[in-house]
Structures are given as structure tokens and as C-alpha cells.
Amino acid sequence: MSGSVPEPAPDQDTGGGLNVAELPGGARAALEAVLMVIDQPATAMELAAGLNLTVDAVEQLLAELQQDYNGYTVNAPDTDVASKTGHGSSPRGFELRNIAGGWRIYSRADFAEIVGGFVLEGQTARLTQAALETLAVIAYRQPVSRARVSAIRGVNVDSVVRTLMQRGLIEDSGTDPESGAILYRTTSYFLERMGIGSVAELPQLSPHLPGLEGIEEFYDAGRM
Amino acid sequence: MALAGTPLAPALRPAGTAAEPAKKTGFEVRLANFTGPFDLLLGLITKHQLDITEVALATVTDEFIKYIKNLQQLGEEWALDEASEFLVIAATLLDLKAARLLPAGEVEDDEDIALLEARDLLFARLLQYKAFKQVAGLINTTLELEARSFPRQVALEGHFAALLPELVWRHTPEQFAALAESALKPKEAPSNEVGLAHLHGSAVTVKEQAEILGRKLQHGRPMSFRTLIADAESTLVVVVRFLALLEMFRDKAVGFDQLQPLGDLTVRWTAGDDDWSSEHLSEEYEEQH
Amino acid sequence: MSGSVPEPAPDQDTGGGLNVAELPGGARAALEAVLMVIDQPATAMELAAGLNLTVDAVEQLLAELQQDYNGYTVNAPDTDVASKTGHGSSPRGFELRNIAGGWRIYSRADFAEIVGGFVLEGQTARLTQAALETLAVIAYRQPVSRARVSAIRGVNVDSVVRTLMQRGLIEDSGTDPESGAILYRTTSYFLERMGIGSVAELPQLSPHLPGLEGIEEFYDAGRM
């Protein structure tokens, strides 16, 4: 929901000089409080604007919270793995993650079975093989037309593309200036579902294309 | 260039079984995994344990036709889909062949062809397809893994929601209804936009092209495929003529000679002078179009 | 994401031998995981059922968590109120509240000013085109699930539906008996804004527009 995340405003005067450090729990708790109400990932910059802190300070706090939730004792040097073993700090049931370019609280994956019982609504059906392959082609070739995806997959992809749209995994991204065909790209929801910050973080395609160097270039030179 | 590890299970063929039932089993096994013609092509290549460059067109395409027929027996919907996909494969195979058969200069993209042999093109497509298949697997794994953590996305607490600015609302019921009209109007079916003109529009039929080929070959000397398609006005006609030749081959009306893999394909007439007509061509294929 | 198509997790009942105590962080972390992502407050009984614990045990854990978030040190060597201050007891930015018998995590009231500023920033008083169209579809096809609206609009409408809910224009109206999906309808506030007395007063649409019957088929066909 576009609404709840503010644009970074440098001259933002939240609380008119309100000093978050003076509140109980300090800036860290204030950051936590904000993280509790966002319903989509928020960037460090947006959070900083809202808290009247520098981006650096917010990033530092985010890193601390992340470690804290994972069971590290903050400021304890080089605590290796969160565990119930030594330092009296077992991981929390939730974690703070930075994906799709923003920060957000998630339930910890260990509890998926339990949590899933409470939030059925958020669960998604699996994608078919056809849908997955189509999604893969779009993710790596975006923006791309259906015709081109079809050519790569060797089958008609119209209905699969429609389903991927409805699932919010892909979206229109204008039309091809030459052919006039609609181009598709993946959404930030796709990034969220993948747990990555940008499509650049997708695994490299090239290791899966053994042997022929220059295929991509040749392909892109527009044979299909 | 090993294409090992393709996703298709090899045909389950108990030793000593007759070829016919064994093949059926193989196709049924494939059907479960089938996602596209490239998939099938990879499977066929694996099955023949061949390097793609060595695959004789006739063998592979023959298998495709058999495959389509099997599908038709299984259900019409599949068969229709497969039949049109067959054209894609035929075009790909033809790409391979055409680049070899046509002298440089007649090829549209001659620079590219010079840079990259046709077999590399087919390789590229197959490998690309295979790569995307593998990556799709990775994406699936990631999605499933990620689906285990649920984001906190709770409704805004009441006292904050109350702070939201009063909504600006300027729509009359009539304007709102107009909005609903357009939102509810069925979207232009995406398939309309792709257009099937290349399949149906220009009514190029196998039967018709078979007749033309028949006239060219029936009373004359063997001709190369290159010559046979010299007057083809579009790629579609080339593809359909290629398909027609395969059908005619099945009808034992023509024979092929190819001295070496990827070499010139020579077509000769093998039926009698007058006892062949395109009417014989397998009806089931025609019905698809 | 189409909420109506949940993939039932294997052993969904969680009675199937799942022992929360064996997960990292134990039963307390499992409870936290649930509390952190549920939208509607849950009763101790509901939580106990989902966690496969007794109501007493859950109530005990809830009390512990509540204290923990408030900055008290809980009676254990396992205390994980990590903080820089050393004694580990500054309050968190969130709190666990029991309202009308249901438990939910809220942002701590101390930070209401900061959080309010953050929420308001970037909020517009106007609905986006996407929100308006979604509202129109819901108004004319209510009660309707998000999946159906998604199918009609051809895009994922999850976040837009949340916005409309937040704006008080639509509300839950129970679940679909077949799919179990939440159904939405317009509110009386919506009628007020439209200046009409009931949805029956909305202008008639052309009769040839697809009703839900056709949409259902389309949706099912496109389902992956």
C-alpha cells in the first residue's frame, strides 16, 4: 500500500525536534515501533526520515535489531551462531529482513507450519512447471514480450502470463516501440517472494548455459 | 557437447519387448513431464544418444509425427496444442537445415549465419531452454523456502487509521458506475494480441503444398529441397512444404537422400506415375488446420 | 497472492507430533512468530490449539512475553532481552496487548507521535485509479473474494484491498463456504461518500457485463 511509507523528506520535522533517544527504549525502540506498523518494506532512508535520524544511524540500529532478533547479543564481539547454548539469547520468533529494497519484520521460517495455520490467507498455491519456466524467462529477459517468451519456451504462454499477472508476480511495463507488443517485467512482490533486493541478485544464468559463449549476444541480436 | 541430464525419463523399455508397445510406454512417460517441443527434442536426442549435429532430420521429425499421433489418440485438446507446437519445432529444424542448404547471400541474416553455424543456433536454443528450465527449478526452491517466512502486514492500528486525512471523493454514482463498467469489461484476451495469422490467416495447407510438390517431382528428376522451396513466398510456405514432404514420405510417395549429416537433402519421387494424389495424405493432420 | 488457494501445509493440525519446544527458541518463540504476523487478535485458546499447547501454558507464555516486551527481565537464564545497556531491560518498541480477550502485538503507545507522523507522511487524500477500480468491482460484485477481484482486474489486488479496508470503504463479510476465502463488501461509509442509501441505488450496469459465474470459470482455468 503506497500510502503508509513516507517519501524521504529531508526537512521532515516529525515531532518537531522530538528526540527519540529520550523515549523509553530510545531510538532503537522507536524504530521497532515504526517497523510494527508498516505493511510493506521500508528503506533505511524512509525510516530515517520518519525517525528524524541519519540514514547511517538507522542502518546501524537495523543491523543491531536484526542481530538481536537472531539471538546474538548486541555488541558482543564475534558471537558466532545464535543458539541456546551460551549467552542466554535464543532467537526470537521473528526476524528483520532486508528484501526487495526495504526492511520488514517476518516470522521466522522455523515456525512456518505453526504460523501457516494462522495466516492461511497469505499462503500461495504452488506454481506449475509451465508457470515457473515462464516466470524464469521473464525474470531474466525483462522487459520482454509474450511472443519472445513463447519463442524461448517453444509453447504458447498466454494463459500462464495471465495467471502470473493475477498473482502479482509480473506486470506490464509499456509496449515495445518497434513491434507494439506489451512488455512484461517482474514486480517488487516477486522480489519479496524470492527474498531478494533486486533482479540482479538472481542466480547467474550463464553457468546453466554451458559451452557456447556468445549465445546471449547472438540471441539478443534478434533472431526470434 | 553432452546434453545429458535432460529432464525426460528415458523410455521404460524392458529388454526384448516388441518395439511398438515399448514406444507407447515411452510416450506416456514423456507426457507427464512434457512442457514444450524443446523438451521433447531434448528427450529425443537423449534417447538416440546422439549429438544434435548428427541427428538426421528425418528420424527426429518422423518421431514427432508419431508423437503427435499418439497424442491424438489420448485426447483432442493435447493433440491440437501439440500440432501447432510441431510447427515451431519444424521451423527450428528447418533453420538448421536451411542455413546449410541455402548458399550464403540468400539467407536473410547472412552475417549472423556466417558467424554462427545453424547447428549452433539450434544448440543455443536448446541450451537456453535447458538453462531456463534449470533456473526455474532454482526459483521454485527459493519461492518454497521463502514462503516459510510470513511478513508482518497487519492493518493499521485504529488510532493511526483515524489520523488519515479525510478522503477526497469527487465521483458521482454515475461516474462510479462508468468506472465499474470499464473495470468489469472483459479484458482484451491476450491471445488476440499475439495473433494467429501465421497459423490460420494465410491458409497454407499441407495438402495444397503437397500437390505443388507432387507436380514438381512426379515426372521429373530428383530435386534438392532448396530447389523445391525456391519459389516459396514466405517462411510459412517453406515450413509447410517441409511438413508436406514428411507426409509424402510417410505415404511412400517420395524418398530422401542425404549423403552426409547436414548435407543437401535430395527428394526423389518413389510412387507410381499416376497412382498418387494429395487426397491420400493423412487426414488427421489436415483436420488440425 | 490469491488467498483463497492455500496450500495446506502437511501436518497442518500441528498435533501431528510437532513439538514446539524442540524448535529454536522453543514454544515462546513459536508464540512470538504467530503473534507477530496475525492481523486479527487471537485468543489464548486459539493460540493454544495452533501451538499444540495447553491454554495454561500459553497464558503463562503470553504473560512472559508481555513482561519481556515491557522491559522486565523474565525469570530465566534464557533471557533474551538483549540491549546495549547491559542489564537487558529497556522496553521494546512494541507491546503485547489483550483487547477484548484477543492478543495482538501493537506499536508501543509511547511512540504514537513518531509512528503517527511516519504513517501520515506520504498519505494522500485521494484514491489511486487502481484502488478506485477495485472498489468499483467490489461494489458491484459484493460479496466477493480478493481472488475474484484479482481475476477480474487481471492484477494482484492484495495491497489495494488493504488500503480500501484501512480507508473504511470495504469490510470483511465472512468467508466463502466453498473456498474459505474472505469475502469483502462495501461499508456504510462508502454509501455515505457516494451519497446513496444502499447499494441497490448504484446505477445499473450494462447487462452484458460478465457476472461472477463467468469469472469463476476464467479464474479456475487460469489457476496454476
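We just call them A, B and C in the order they show up, numbering each chain from 1.
Going forward, a contact is a pair of C-beta atoms (placed from the backbone, for glycine too) under 8 Å apart; a residue touches a chain by one contact, two chains touch by 3 or more.
What you see is a predicted model; the values in this text were computed from it and never measured.
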| item | value |
| --- | --- |
| Chain-chain pair with the highest tally of contacting C-beta pairs | A-C |
| Central chain (by mean CA position) | A |
| From chain C, the most remote chain by mean C-alpha position | B |
| Centroid spacing, where centroids are CA-atom means, of chain A and chain B in whole angstrom | 36 |
| Inter-chain centre distance, chain B versus chain C - centres from mean C-alpha coordinates, in Å | 45 |
| Whole-Å gap separating chain A and chain C, where each centre is the average of the chain's CA atoms | 19 |
| In chain B, residues with contacts to at least two other chains | 150-157, 160, 164 |
| Residue numbers of chain C (touch at least two other chains) | 36-39, 106-107, 115, 119-120, 123-124, 154, 162, 166 |
| Chain C to chain A touching residues, read off their complex | 1-3, 5-7, 9-12, 14, 18, 20, 23-26, 28-39, 42, 50-51, 71, 76-80, 82-84, 90-94, 105-108, 110-111, 113-115, 117-124, 128, 150-151, 154-156, 158-160, 162-163, 166, 180-182, 219, 221-224 |
| Chain B contact footprint on chain A (complex, rising order) | 3-4, 35-37, 39-40, 94-95, 97, 104-109, 112, 115-116, 119, 122-124, 126-127, 129-130, 132-133, 135-137, 139-140, 146-147, 150-156, 158-159, 161-162, 181-182, 192-195, 202-203, 205, 208-212, 214-215, 218-219, 221, 223 |
| In the complex with chain C, residue positions of chain B that touch it | 150-157, 159-161, 163-169, 171, 173-174, 176-177, 179-187 |
| For the chain C and chain B complex, residues of the former touching the latter | 36-39, 104, 106-107, 112, 115-116, 119-120, 123-127, 132-134, 136-137, 139-141, 152-154, 162, 165-169, 193-196, 201-206, 209-210 |
| Complex interface listing, chain B residues touching chain A | 1, 35-39, 81, 84-85, 88-89, 109, 112, 115-116, 120-121, 123-125, 127-140, 142-157, 160, 164, 189-191, 193-194 |
